[in-house]
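Please go over the structures that come below.
Two complexes come next, and they have one chain in common, subunit A, joined by subunit B in the first and subunit C in the second.
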Partner chain A sequence: MPDFGDIAVASLICLGAFFLFVGSLGLAKLPDLMRRLHGPTKATTLGIGAMLIASMLYFLMKGDEFSIQELLITTFLFLTAPVTALMVAKAHLLLDKSERKNLPPTGRDVDWSVYDAPRKTQQSENVQSEGN
Partner chain B sequence: MIATACAIALVAISAAMLLCLYRALVGPDMPTRILALDTLTINAIGLVVLAGVYWGTELYFEVALLFAMVGFLTTVAYCKYILRGNVME
Partner chain C sequence: MFGTLIPHPLLTLLIVVVWVLLNGISWGAAVLGLFLGVVVPKLTSAFWPDRPLVKSPLTIVEYALIVLWDIVVANFQVAYLILFRRGDDLHSQFVTVPLDLRTPEAISALAGTITMTPGTVSATLSADGRALLVHCLETYDPEKTVSDIKARYETRLQRIFER
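Up next is the complex of A and B:
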């Protein structure tokens, strides 16, 4: 007769593995990069999150002291996943010339930040001179 | 029961890693390959945490933490190389 903790740990492990698989399946199956970016975010947050909660629960049940490392890994992954997605999307925007035509106009004399270097505008010069 | 769940999860994560490897080999452009390598690292972290639960040691969490840090750094370095043509400026 398995107790409640074993069932919780086992189901959390299965849930985490399911979401890791779904994330990679989305990565392999979806047609272009902007859509492929969706899959791995699920794998990072839900998949790894469920696995780490499962291991935290398991070691708590085993009677060891509460370990902080799982929380560290969770925090680190949750902080870095958006940065990774942003960098990959910026690299894609830079390399793929057809994406540039789909972007709306900025409404200013500078282009989008991936394509155009920051330029000194009249407004920023005024702000600077007022500051001085 | 936990051992059975670990076996199921091992099969699922291995299949996920094979899918990532397929995307990294086939992927038409460079950002797709970078994304596939990043997802491969995420799956490796899941595998390491799973091994820690299966063998009942807390030794593997440092490995998972190192994997998370090195995976993030390599991804950002690759993207930086594409964006700027250089890693350190």
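Up next is the complex of A and C:
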């Protein structure tokens, strides 16, 4: 009689390892920086998530105590990953001059914030531009 | 009385929960967490002149579930694109998402969500904070991508933060 808990933990770890691998592979394989950003921001979240669920399940079955710190790791990861990606993307837009002509127009009468000083329009006086 | 003691109840709750989770579930941790949860928002409230009011807390739960589901879907899509497609063949491009959101907190939440979900990474804002530059890993129909983002995430964030 196999232990279904162990099977669940093992398959979650394998799933997590697979997605972490794919995320890293994307980082290495894709041709330019903006495409490369997609690998680590997405494929790794499910990878880490599956690993952490496996960890929670394991300690729950061992019966010592219910470990919830994994939830915190997930939360902090979800908060920090997009900010990192945004900063890398901004640095890329600033450094790579050739990328600027690939950008679509803003649809506003100002440029993207990495190229233009932050300013307020009449309708948005309570909005401070994040991009300075 | 309640309003001046706890200017930001959600932040207080968040600090208590995080503190208790970090330090193990015990009464001592709960009391110290509650103390910090009251003191920290008090001390920092001067730096947050325009706190957003969360209008509809239940929508947050709905939003979180939708985003979690989309993250799972996004992982499989991106994994497929990375494993089975040549990088140069992907139809990657930048698109402009005009924003109806006005509060900085809501826009940050939207930008973060876009980065975590299917094939899109938010790159920067327009200088007046009214449009978001988004990079799509693979899209054949930029207008549809933009309208999906607006319908799926932005309207819900508007209900949470602004209406």
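Throughout what follows, the second predicted complex is superposed on the first by the 112 of 132 C-alpha atoms of A that agree within 3 Å, B and C clash if a C-alpha of one lies under 4 Å from a C-alpha of the other, contacts with A are read in each partner's own complex, and residues count from 1 in each chain.
Assume a residue touches a chain if its C-beta (ideal position, glycine included) is under 8 Å from a C-beta of that chain, and two chains touch if they have at least 3 such contacts.
Please read these numbers as outputs of a predicted model, since none were measured by experiment.
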Which superposed partner A:Ser55 touches (first subunit B, second subunit C, both, neither)
first
First (subunit B), second (subunit C), both or neither touched by A:Lys90:
both
After lining up the shared chain so the two structures overlap, which partner does A:Leu72 touch, if you call subunit B first and subunit C second: first, second, both or neither?
both
Using the superposition on chain A described above, determine whether A:Pro82 touches subunit B (first), subunit C (second), both, or neither.
second
Touch check for A:Leu25: first (subunit B), second (subunit C), both, or neither?
both
Residues of subunit A that lie at the interface with subunit B and also at the interface with subunit C:
18, 23, 25, 37, 39, 43, 47, 69, 72, 83, 89-90, 114
Can you tell me which positions in subunit C touch subunit A when the two form their complex?
18, 21-22, 50, 71-72, 74-75, 78-79, 82-83, 87-88, 90, 92-96, 98, 102-104, 107-108, 111-117, 119, 121-131, 133, 135, 137
Which part of subunit B faces subunit A closely enough to touch in the complex?
1-2, 4-6, 8-10, 12-13, 15-17, 19-20, 22-23, 29-32, 34-36, 38-39, 42-43, 45-46, 49-50, 52-53, 56, 58, 61-62, 64-65, 68-69, 72, 75-76, 79-80, 82-83
Name, in rising order, each residue of subunit A that touches subunit C in their complex.
18-19, 22-23, 25-26, 29-31, 34-35, 37-39, 41-43, 45-47, 49, 68-69, 71-72, 78-79, 81-83, 85-86, 89-90, 93, 102-108, 110-121, 124, 126-131
In the complex, subunit A touches subunit B at residues 2, 6-7, 9-11, 13-14, 16-18, 20-21, 23-25, 27-28, 33, 36-37, 39-40, 43-44, 47-48, 51-52, 54-55, 58-59, 62, 64, 67, 69-70, 72-73, 76-77, 80, 83-84, 87-92, 94-96, 114
